[in-house]
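One chain, chain A, appears in both complexes that follow, with chain B as partner in the first and chain C in the second.
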Partner chain A sequence: MTLPATVAELVREFRASGRIVIVGASLAGLRAAEALREAGFTGSLTVIGDEPYEPYDRPPLSKQVLKGWVAADHTKLPRMREVDAEWRLGVAATGLDRAAKQVCLADGERVPYDRLLIATGTRARQWPNAAEAALHGVHTIRSREDAAALQKELAASPSRVLVIGAGFIGSEVASVCRELGLPVTVVERGAAPLVGALGGVIGEIAAQLQRDHGVDLRCGLGVSSLEGDSGGHVRQARLSDGSTVDADVVVASLGSIRNVEWLEGSGLASGFWGLGCDAGGRAFDINGVVTDSVYVAGDVARAPHVLYEYQFLAMEHWDNAVLGAEVAAHNMVNLEPRYRPHLLLPGFWSGQFGVNIKSVGVPPFGDEIVFTQGSVAERRFAAAYGRRGRIVAAVAFDHGKWLEYYGQLIERSGPFPPPPPGWDQPSDSKPMPAEFPARGAPGAAPDVVLTGHDPSERTAEFRPRRR
Partner chain B sequence: MRIVVDLNRCQGYGQCVYLAHEVFRLSGQEALTYEPNPDEEQRLHVERAAAACPVQAIVLDRLDGTEGSTTP
Partner chain C sequence: MVEETPWQQALRYANRANPYPFYEELRKTPVARQPDGTYVVSTYREIVALLHDPRVSSDPKKCPAPGAARTQGSGEPAAEPIRQVLTEPNIIISDPPEHDRDRRAMMPHFVGPPPAPRWISDLEPEIRRIVGGLLDAMQGKSRIDAVDAFAYPLPVTVICKVLGVPLEDEPRFHRWIETALDALDFGPEAASEEIQSRQAEGRQAVQEFGRFAAELLDGYARQPGPGMLSALMNADGQDARMSKGVLASNALLLIFAGHETTVNLIAHSVLTLLRHPDALEQLRRRPELIVPGVEELLRFESSVQFWHTRSALEDIDIAGTTIPKGAPIFLVYGSANRDPERFTHPDTLDLERRDNQHLGFSQGIHFCFGAPLARLEVQVAVGEFVRRVRGPRLVEDPPPYRHNQIFRGPRHVLVDIDGISA
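Right after this comes the complex of A and B.
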């Protein structure tokens, strides 16, 4: 048999009777499982998830579920096809043994694989003081249980809700509180809401939007401590300026943490920013060498992006989970030259205070912004972000129909400021600084060190940072 | 039944709200919210809404919950 014929036979055999394990049973894990079957994989498929539920959609949790309209267990994801998988739900993966090609589970079992897809996503960052975080009334929101618990407390008419952190989730929670008629205070360390994602110019508009809807918004402040009553229920927060806020529900929306701890010691390039992979979803090992049998998709993946100077981007967006999973699945059962790249133009949405905020591209990649359509005063507008004379992103407030126009410009590396779309132009369309805060550095990231002298022994390893 | 709306794709035309108002709602001019697991009796309305969506953003369960109806 010729070499190409042998390779083709190997691929056929793997598709027919290989073993694929997917760790992560949420949006990316489910869509990958479906895509594998769609691609003709008939071998054994195991999906491992730490939550005891079948895959469900998370975006509704901070919106219609919190509001009490939709039950927390009513966001189960539609199925695109049968996946005929063994579902190991309610048991977390705790380790990865790449030499033995096994995933270690919390119940002690080891699940062997030929190819592995890592889609473990992120979790909510908890309030850092564990004793305060344990007070009744202190919440984070990521899972359906989180949403159910918070919804129940919001429905009980608390005297005031305190939201710590005005990113998208925090802002959506504040919006729901106002829709429910609840007094709400939002404390944000940055200069305005949404500044990390959209910059200070848009943040200022979001701040006004919140205040117009009755949110007690306090920016440039942190929460120093939470205090509870004798029954262990949170009652008050002390802010960094010494003032206090009385609240009996506190929502800590402090961003997310990537679920990579279980990969410690596996020799993969995982860390604070996620698990590095190529644009085809193949994970990098700790040395920066691409692996053949480990793939990654969804929130936990970070890959070089062609449109953004090949920088490694982690895109915690819904469409990234769906499309990244499909690409990784395709590549898991194919060989070069059939590999497909994941070349997503990222996009996201957020409904808050009756406004639909949508974005395409990567706004923080830009340093300038220009309003291109509509009216800021009416909160119905589109704006483009630029960097070095080219458009890299766009944002729309109730102007979603126009994002496709900007998306096409971004994909073609169009100029910034972009050519006017010829409709609905604002009177003032001069570019200005977009005012993104400096990107913070992770505090607890380990050092990466090189060991070994002989070229064949050279390897990288993670070492805890020395004090 | 189960649905999901690709809200990146959705442009707030509101046809679904008109055709299945118990399942889809607009919050303000453009922000769509919906019941992802509506009662089976809504099926006809939801299918009409999905068919009428100008950007085809409404994704319906192709298994009708047969596999997912029991815990996988």
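Right after this comes the complex of A and C.
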């Protein structure tokens, strides 16, 4: 038998009777499972998830669910096809033994794999003071239980809601509160809402949008402490300027934490911004060597991106989860030269205060911004972000249909500022500084992060060869 | 005699039933300058790029050479009564910000948000009732015309109800529309005596149609009634109010586009399925395929073959050529939908086709306003036709086509049938 024939036989055999384990039973995990079956994988497939529910959709949790339009348990993700998997739901993965090729579960069981997909995503960062975080009325939003609990309290007409952190989730919660007619205070340590993701120029517009809708917005401030009543229910927050806010619902929207702790000791390149992988979803080990059997997709993945100087991108985006999962799944059941790259132009959307906000590209990669279409005063516009004369991202307020155009410009590394439109030109169309906060400065972390060129985010171990 | 370009040949009436070989030729030059200075774009990628390019206008008034297509050599403006007569803009021939404002004003009265979030889906029982009645009326017949007896009556009844246009006025506006469409020609036959002789009538028809719409709106201003036009006429709020002239122009557009395109889609769907017995049988066995099936039928025989009011407001570099500022641009959706670079086996009908992002409803800000209604109507109509009509056979293939090149569709589709099931 020739070597190529042997390799082809191995691939066939793996597809027919290999063992694949997916850790993470949310959007990326489900879509990967479906893609594996779609690609003809007929071996055993196990999906492990720490939540007891079948995969569900998270974007509605901070919007339609909070408003009370959709019940939290009516968010189940549609299935694209049968997956015929063994679902291990409600049990977390607690460790990875790469030598034995086994995933360790919280109940002590060990699940063997030939190939593993890590799609453990992120969790909400909790209020740092555990005692205060335990007060009744203090919430975070990530899971459907979180959303159900918060929705219930919002429906009970609290006297005031305090939102800590004005990133996308915090801003969406504030928007829902105003739609429900609830008084709301938003405290943001940065200069304006959304500054981390979209910069200060757009942040200022978002700030005005919030104030116009009656939000008591306080920027450049932190919350020092939360205080409860004798019944253990939160009643008041003390801010860093010494002032107080009375509130009986507090939503801590402080960003997210990558679920990588369970990989401790596995020798994989996991860190603060997730698990490093190549553009095809193959995980790196801590020395920057790519693995053959461990793949990663979704929020927990960070991969180099051709459009952004091959910096590792960490993206908490819905389409990154879907497409990253599909690419990883494809590569799990193929070999070179059939590997596919995950070449997604990042994109996200948000709905708040009656405005649809959409973006493509990586805004924080830019340092300048120019309004290209529409009217800032009417809050319907498109703007482009640039760096060194090329366009790297765009954002739209109620102008989402134009992002296709900007996306094409970004993919071609088109000029910045882009050519002006033939109509509906903004009154001011001169490029200006985009005003992103410096690394480490206050302000919610962006939802897509450039995390540098180091695959493992930590210095590789150097072991001189012993004689 | 100069040889005709593939585009000119595609436009000849003799090729109406099958323009696709000429489109295939046309796609060899994705952006093809025509002798009259029009840039004809025939490939999927380039059309999508231009649909999203803010340097492209849809407003014919911004095109320095109106009468986009001039008849070759003569320098005479091509016949286009609608453009000559319509003095007020509507959403299909306007740019932002006016376009956005007007479309935003119209949208809530059509597909929501509240007060009308379920307005379209709630029409389904009514649509089923109409379709059922049309099929019941075929009982006992051995030959039917799928256009006059089926494809036409449904959409026109539905759009009259949606808009609040009296159904008894249908014969009048039907005649105006036919007359105007027959006078519209972008091809080498535009200069013919026959087409030229239709011009005066075409202009008059559009004028009368415009007066009809204005009177209808006046009536609703005096006495509000059911339907979208009355709601728009009596809307208040900052964004909601359009001038009466603009509203009348949009009313004209909605009455026209609200059924003309759907008629052609239903007629083409019946024709196409009868030409593909395997697909017909597949749909009989698996009725749920009507949903992806209608998308495939939209791709396969697009109701709007091309659109003609766009122009370049700046020089635009695309596909190795430059469309110069001021040049008219025709986007040929019918060709893009058969582009093998985008669709595998584009000339094969595949009711289960995946990744079928066709341009049957266009894309970008001018994406078909009525798409949700059209989808519902055609899904019900074609689904029920397939389920209930026994032994349908095409009498004539190809059937006779209507004259118009943009709104391409058969004039009649004669079908022999064995009967109608319950």
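Just so it is clear, the second predicted complex is superposed on the first by the 439 of 467 C-alpha atoms of A that agree within 3 Å, B and C clash if a C-alpha of one lies under 4 Å from a C-alpha of the other, contacts with A are read in each partner's own complex, and residues count from 1 in each chain.
Note that in this section a contact is a pair of C-beta atoms (placed from the backbone, for glycine too) under 8 Å apart; a residue touches a chain by one contact, two chains touch by 3 or more.
Predicted model only: the values in this text are computed from it and were never measured.
*Asks:* For A:Lys401, using the defined touch cut-off, is the partner it touches chain B, chain C, both, or neither? Pick first, second, both or neither.
*Replies:* Both partners, chain B and chain C.
*Asks:* Just checking: does A:Pro421 make contact with chain B only, chain C only, both, or neither of them? Give me first, second, both or neither.
*Replies:* So A:Pro421 only meets chain C here.
*Asks:* In the superposed model, which partner reaches more residues of chain A, chain B or chain C?
*Replies:* Greater contact footprint in residues on chain A: B.
*Asks:* First (chain B), second (chain C), both or neither: which does A:Gly108 touch?
*Replies:* Touch partners of A:Gly108: none, neither chain B nor chain C.
*Asks:* Classify the contacts of A:Ser375 with the two partner chains as first (chain B alone), second (chain C alone), both, or neither.
*Replies:* Touch status of A:Ser375: second partner only.
*Asks:* By the touch definition above, which chain A residues appear in both interfaces, chain B in one complex and chain C in the other?
*Replies:* 380, 401
*Asks:* Sort out for me which residues of chain A touch chain B in the complex.
*Replies:* Checking each residue of chain A against chain B gives 47, 53-54, 57, 59-60, 63-64, 69-70, 74-83, 85, 87, 89, 318-319, 347-349, 351-356, 358, 380, 398, 400-401.
*Asks:* Which residues of chain B touch chain A in their complex?
*Replies:* 2-4, 6-8, 10-12, 25, 27-37, 59-63, 65, 67-68, 71-72
*Asks:* List the residues on chain C that touch chain A in their complex, please.
*Replies:* Within the complex, chain C touches chain A at residues 48-49, 52-57, 59, 62, 95-97, 100, 313-314, 363-365, 367.
*Asks:* In the complex, go through chain A and note every residue touching chain C.
*Replies:* Of all residues in chain A, those touching chain C are 372-375, 380, 401-402, 404-405, 408, 419, 421-424.
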